[in-house]
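What follows are several structures.
Presented sequentially are two complexes of chain A, the first with chain B as partner and the second with chain C.
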Partner chain A sequence: MEIIQKDYQIRYDPHASTVICSGSFRLTGDEYASITEILNAAADAKPCELTLDVTALQFLNSSGIHTLSKFVLRVRGHNTTRVTVRGSSKYPWQHKSLVNLERLLPGLRLELE
Partner chain B sequence: MAEFLGNFTERDMRDAECLELRFSATSIPLRQRWRNNGLSADFLSDYVICFFPGEDTDSAGRREAAKSAVSYIANELLENAMKFTHAPSEYPVTIGMHLDRNQLRFYVTNSVDPEAEKDLKAMIRRLLTEDTDELFIKQLESSGEGRGSGSGLGYLTMINDYGAELAWKFEPYEGDSRVMKVTTLVKLPI
Partner chain C sequence: MIPEPRRDPALLADDPMAEVQRLRRRIEALEQDKRDLEMMLEMTTEHSDSVEEELHTKAEEALRESERRLRVIVEATPIPVVISREADDQIVYANAMAGPLLGLPTRALVGRTITEFYHDPNAQQQLLETLALEGCVDHREVRFRGADGRAPWVDVSIRLLDFNGQASLLSAWHDITHLKELNLAASCFVPREYLAFLEKDSLVDVHLGDHVSGEMTVMFSDLRSFTSISEEMTSQENFDFVNAYLGRVSPVIRKHRGFIVKYLGDGIMAIFPGSADDGVQAGIEKLNQINEYNAYRKTKRRFPIQVGMGLNTGHMMVGMVGERHRMQGDAFSDHVNLTSRLEGLTKHYSISCIISAATKERLTNPGRYDIRFLGKVQVKGKYKPLDLYEVYSADLPEFRSLKQETQEEYEQALAHFYARKFAEAQSMLFRVLQKNPRDKVAWHHLMKTTECLDNGVPENWTGVTVMASK
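This part shows the complex of A and B:
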């Protein structure tokens, strides 16, 4: 499952249990619906391990933070999956804001390269 | 008669460095205008890095941190202003950025729908009086359970993740009792 737009991309690889988000996410709340569908599919597959790769995600607005947080909460609700979030210290926002995902899901691993 | 929420500092047009942009919030549909929020925010963030000279690693780090903060904060402020402006009254949205030695101040002004004003002030009072770390998690968890919209997350991120201080001014437009004018002030330490 994937969405490829000029400014942003999201791809879910079920074989690798990985969701990759890249570009800049500056969407309206409603526009995140299709992204939420992809994230829900990844969460609802209930793998043992799931990776969210945002190493190439340059910008995320608050509606995007909300969307990723709801994804983490959905995984928490299933109580079946260990999540790793891979980010990049190249983007200062990631160091500041991704730590909140750890608070939502104890045991979530945050790796900033 | 103006009402202030939080520690509001009036803008000083004598500030050595300030930049103001003004938009019509209603001349084109919101969806088309949305992309301009990012362009404007990135313009402000590119502009501000001129004031962070130096080629050493520390200076480069400060510059990137400032650029990232300005881009996020300006984008959020414009998104909120565009979403919640009272379109029928056709007042413009303005964003100003003022640079002091140790602080950036953003002033965003927009009209506010009278129906929405009460809820907006209630949300602001929560931001100013409650523990914002806990409020952030509460907002996320309640919206994750379908009990809320995640409203205020942008402001909470500014406060918690960027160390910003927020304040608001509500006042009537001159000669117009239909709607109020709200100015959101964000003070960002640099």
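This part shows the complex of A and C:
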């Protein structure tokens, strides 16, 4: 599953249990529906390990962090999956906001390049 | 967020403990939801703050980068550029070229106001008004006042700019002093009025063969007996004399909306594109200038000078002639040639100014000038004779009033002459000369009348004087 737009891309690879986000998520609340759909599919597959790779996600607005939070809570609800979030310290927002995902899902692994 | 389990009414009644357990789990789930929501709110808020901070930092960096780029560009610009605050006119930045233009080290410019350097503060005001009205100023010529006493001419362009967060003006000053001086020097050779007449903005646009055709009034004037006068003078005295004379009379041409096409030694060829009145008025004022000049020369015990001029109106072509490397203004047409002959005829009649009938007919109000009929002439090769008139408005007051007094009788005498009534013409001219014995034109006509009376005239006699063509 994937969405490829000019400004952003999101791809879910079920075999690798990885969701890769890149570009700039500068959408409004409703526009996140299709992204939520992909994230939900990844969560609902209930793999043992799931990786969310935002290394190339340059920008994420408030609705975006809300969407990621809901994804993390959904995974937590299943109580079957260990989540790894890969990010980059190149983008200051990642360093500050991704840490907070751990608070929602204790045990979440954060790997910042 | 855990959905609420379906309630079994039977349980409530049968097992109160189970119901308590169920409610406890429900409360725990709600508390977890509450914690999650609070955490999400906190996260979103923190994220917003960090993104906002990041964007702000980026914006500041972008601004600093843009200002750094601006400085690099402005520093590399080979013309003086300054940035001043809109609020108080103070210079906040000047590139290396700005200092030399204003006669100060560049670093000394910062903190000074731009007004200090305007030669005329009103000029700055006008530029600021244009800026307010149009949002920019492009290529306006303004005179500056440098701290070193220089007064350079500057081509000014201004743009509004945000500099260091303040509303500012970016001014580019191109020093055009040398260009102005060159133009000024060039305008001595091809005057601005002539350029405007040829509808050219600059001398650079003037090409060989550029011309304007139309009805205009042309004036030829010449210093009488200059050749013999000049023989008595050294070459320097000659130049000084001619230049003193031309310096006095040339401005009169411009004053009456004419321009000098060319100097012909001590002579002047001028064109009046507007009206015949311009030409005649210029001629009269020019002769009055000569009268004044002669009064001055008398005090210096110098001989008086005399000028002859001819004016004619008609279709002509005025433009540039010569070759690519050497051009000058000139005018062509039969009317121009005739005018040169009219100027020559002033010697023949011993008067100062002759105009053609064409010029007289185009005067708005001929009655405001002193004009009298002079005679009929025919240019060799042309069939139609021309009526010529003498303008004597600039005669010295005594001669002028005598001519006014005798004009009616004088003109009647000429009418008799052309009607072959020579005896009547002769006696009338005698009476004119009794009143004004120094009227050389009346003497001239008396001589001709007497000759006709004494020798008789052929059948085809018309009385018209034939002029050799130029």
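By our rule, the second predicted complex is superposed on the first by the 113 of 113 C-alpha atoms of A that agree within 3 Å, B and C clash if a C-alpha of one lies under 4 Å from a C-alpha of the other, contacts with A are read in each partner's own complex, and residues count from 1 in each chain.
Just so we're on the same page, a residue touches a chain if its C-beta (ideal position, glycine included) is under 8 Å from a C-beta of that chain, and two chains touch if they have at least 3 such contacts.
For clarity, every value in this text was computed on a predicted model and none was experimentally measured.
**Student:** With both complexes overlaid on chain A, does A:L112 touch chain B (first), chain C (second), both or neither?
**Tutor:** In the superposed model, A:L112 contacts neither chain B nor chain C.
**Student:** Please indicate which partner A:S24 is in contact with in the superposed arrangement: first for chain B, second for chain C, both, or neither.
**Tutor:** Only chain B; A:S24 stays clear of chain C.
**Student:** Counting touched residues of chain A, say whether chain B or chain C comes out ahead.
**Tutor:** B
**Student:** Check whether A:F59 is in contact with chain B, with chain C, with both or with neither, and answer first, second, both or neither.
**Tutor:** Both partners.
**Student:** Could you look at A:S69 and tell me whether it touches chain B, chain C, both or neither (first, second, both, neither)?
**Tutor:** both
**Student:** Figure out whether A:L104 sits in contact with chain B (first) or chain C (second), or with both, or with neither.
**Tutor:** In the superposition, A:L104 touches chain B and chain C alike.
**Student:** Touching A:M1 in the superposition: chain B (first), chain C (second), both, neither?
**Tutor:** It touches nothing on chain B or chain C.
**Student:** What part of chain A is shared between its chain B contacts and its chain C contacts?
**Tutor:** Overlap of chain B and chain C footprints on chain A: residues 59, 61-62, 65-66, 69-70, 73, 92-93, 96-97, 100, 103-104.
**Student:** If you look only at chain A, which of its residues touch chain C in the complex?
**Tutor:** Spelled out, the residues of chain A in touch with chain C are 59-62, 65-66, 69-70, 73, 77, 92-93, 96-97, 100-101, 103-104.
**Student:** Which residues, counting only chain B, touch chain A once they are in their complex?
**Tutor:** Touching chain A: residues 30-31, 34-35, 37-38, 64-65, 68-69, 71-72, 75-76, 79, 83, 136-137, 140-141, 143-145, 149-150, 153-154, 157, 161-162 of chain B.
**Student:** Which of the residues in chain C come into contact with chain A in the complex?
**Tutor:** It comes out as residues 1, 36, 39-40, 42-44, 46-48, 50-51, 53-54.
**Student:** Can you list the chain A residues touching chain B in their complex?
**Tutor:** Residue positions touching the partner: 24, 26-29, 59, 61-63, 65-66, 69-70, 73-74, 91-93, 96-97, 100, 103-104.
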